[in-house]
Amino acid sequence: MATAEIKAVIEGLLLVADGPVRPDRIALTLEIEVAQATVLLQELQEDYEHSSRGFALQLVDGGFQFRTRPEHAEWIRRFRKSRPFRFSRAALETLAIVAYRQPVTRAEIDYLRGVDSGGVVRTLLDKRLIRILGKKDIPGKPLIYGTSREFLELFGLRDLTGLPTLKEFNDLPPDMLADMDVPAEEQISLEDGPL
Amino acid sequence: MATAEIKAVIEGLLLVADGPVRPDRIALTLEIEVAQATVLLQELQEDYEHSSRGFALQLVDGGFQFRTRPEHAEWIRRFRKSRPFRFSRAALETLAIVAYRQPVTRAEIDYLRGVDSGGVVRTLLDKRLIRILGKKDIPGKPLIYGTSREFLELFGLRDLTGLPTLKEFNDLPPDMLADMDVPAEEQISLEDGPL
Amino acid sequence: MPYQIDLDSFKGPLDLLLHLIQKHEMDIYDIPIAEITAQYLATIEVMKSLNLDLAGEFLVMAATLLLIKSRMLLPRDEEEAAEETEPDPRTELVQRLLEYQRYRDAAISLDALPLLGRDVFVRSAPEPEGDGGDEAEWEPVGLFELVAAFRQLVQDNGDESVHEISRERLSVTDRINQILATLSERSSLAFADLLAGVVSRNEVVVTFLAMLELVKMRLARLMQNSRDSSIWLYGVDGVDDNSLQQDESLGYS
């Protein structure tokens, strides 16, 4: 097959796919090298980027997916008769903590937010945005949480490195830092720090 | 909106539509004349016809819909076959019973699920997610099942102690829907969506 | 009093404190503790008088502020002050506030991303579901789904006792699997080794029950060379029938 023809087939596959498509699945289907599949997908991505089409090819969770343009959101919501959903601040804060500090325990989330976050954690689990990674190997073996594929898909992230950079506030002045006397458990949570 | 912009929006609508889209629905959404919508759709159809894209805009049952090219049918079929399956409810239930009740017999699984689970158990054995531990020393010497190393890998567990207990699960307070203002429709699309 | 703030919107004491610090243009690195405490207490008084559901954490923070304030008021020992060994009582609070502020801002950044279903949309394709009968792989699934599926089953069966015992059952099950896994790597296991690293009484009991269960299911056998010598656990495949007394002699059959 000529390259142009392969690209056309890939477009068709992307159209019928039910989620982001990884290069290896394209390669497997078309019996080409993964490297070639990757290059062709990136070329397609650029083609769409430079055209004024109503949708673009986006890299999400390691795969490629056609997504409509954010500036058309309102028209599409009207078309689908859907209301824009809103995340509560509690949900967003908790998501942010899980995303940047994973693997993280409920106790760490509660401490960082300063409030009991059990309800929010449960909601985020129900929505599949966070998942249980296992248990932490400390006394009490608390459950540890991390973000899910659904999280990456919802926020349109290629992977966790695509998260917005965490703003670095000026750290404590040196004299205060020297004073730091954090209980042992908290030190653990600080060391596990952002990605 | 400029005509080119309207056409781009229409492309987006066609992408997200769950079936052929009639011109009047486009017209209603974008607050334009039906005649204009029809003309723009036909123009789009020609654009796609003359490009060498992997899909075309086809007139189906009075509406327009993106469809892959017939000459790519074989590739599309291969692609669809390669897609990973979502766990069926039956498979997940059975796996859950084996995980939490192991060592467990077929009869116990059937009893808990209330239906014959022979097929599912065989599939899980084929997929190596469960394994035969031995025979139970009761009349009939039924096989007893437990989870496998592959099971741990699939769920990212180091060992079975990482499996959350029902108590830990119940300790998370029930869903506080008010916490996250997601309308019902979006909840469904998040859960069942192309994830 | 100019409390023109949406009292209901505070997500917690840290959120409220940050708000007060910003509103009164205080220096977060040098918080005037008396002033912030007064402001904070006044705000939660208003919240109380409005019968807002005041989470316990707000009161805990009030106590913390008062504690810090009292510590700051303590006269500093001159020698101590010279050595500067006394930590600033505000340090941990400041650290928490800064940390919280990072995530509060990160939350806003997350919300600004093009969200699927809100800002961007994809084709709505039907979800494939199957038993994976053919060669296709299964999609990874979360632990949460597994627990939820089991919980649902247990509830549907009205088996109320399961809730109570499942925790213990699971740990016996864990032990059984650990022992089986060990036995698959080596043919025998000394009973004493089984209890190595076991600390709590509960764990000893669980280990013992797991061992009995294994013997009962004939997945393992217990043997010893003579009375009072150490007890060995053998996997069913690794049993040498001749050299050792059978498990019956231990009285578990």
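Per-chain numbering from 1; labels A, B and C assigned in written order.
Everything below uses one rule, namely that a residue touches a chain if its C-beta (ideal position, glycine included) is under 8 Å from a C-beta of that chain, and two chains touch if they have at least 3 such contacts.
If you're wondering where the values come from, they're calculated on a predicted model, not measured in any experiment.
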{"item": "Arrangement of touching chains [line / ring / star / complete / other]", "value": "complete"}
{"item": "Label of the chain whose CA centroid is most distant from the centroid of chain C", "value": "B"}
{"item": "Averaged-CA centre spacing for the pair chain C and chain A, given as whole angstrom", "value": "22"}
{"item": "Centroid distance [mean C-alpha coordinates] between chain B and chain A, Å", "value": "18"}
{"item": "Centre distance in Å when chain B and chain C are each reduced to the mean of their C-alpha atoms", "value": "30"}
{"item": "Multi-partner residues of chain C (at least 2 other chains)", "value": "116-118, 121-123, 125, 127-128, 140, 142-143, 147"}
{"item": "Contacts with 2+ other chains: residues of chain A", "value": "15-18, 65-66, 68-69, 76, 80, 82, 85, 87, 90, 125, 128, 132-134, 149, 153-154"}
{"item": "Chain C partner contacts - residues on chain B that touch it in the complex", "value": "12, 15-16, 18, 81-93, 95-97, 99-103, 112-114, 119-120, 123, 127, 133-137, 144, 146-147, 154-157, 159-161, 163-167, 169-170, 186, 189-190, 192-194"}
{"item": "Contacting residues of chain A [partner chain C, same complex]", "value": "15-18, 58, 65-70, 73, 76, 80, 82, 84-85, 87, 89-90, 92-93, 95-97, 99-100, 111-116, 125, 128, 131-134, 148-149, 153-157, 163-164, 166-173, 175-176, 179-182"}
{"item": "Residues of chain A defined as touching chain B within the complex", "value": "4, 7-19, 25, 28-30, 52-55, 65-66, 68-69, 72, 75-76, 78-80, 82-83, 85-88, 90-91, 118-128, 132-135, 141, 143, 149-150, 153-154"}
{"item": "Chain A-touching residues of chain B, taken from the complex the two chains share", "value": "4, 7-17, 25, 29-30, 52-55, 66, 68-69, 72, 75-76, 78-80, 82-83, 156-158, 161-162, 164, 168, 171-177, 179-183, 185-187, 190-191, 193-195"}
{"item": "Chain C to chain B touching residues, read off their complex", "value": "116-118, 121-125, 127-134, 136-143, 145-154, 156-157, 162-163, 166-167, 169-171, 173-174, 176-178, 180, 213, 216-219, 236"}
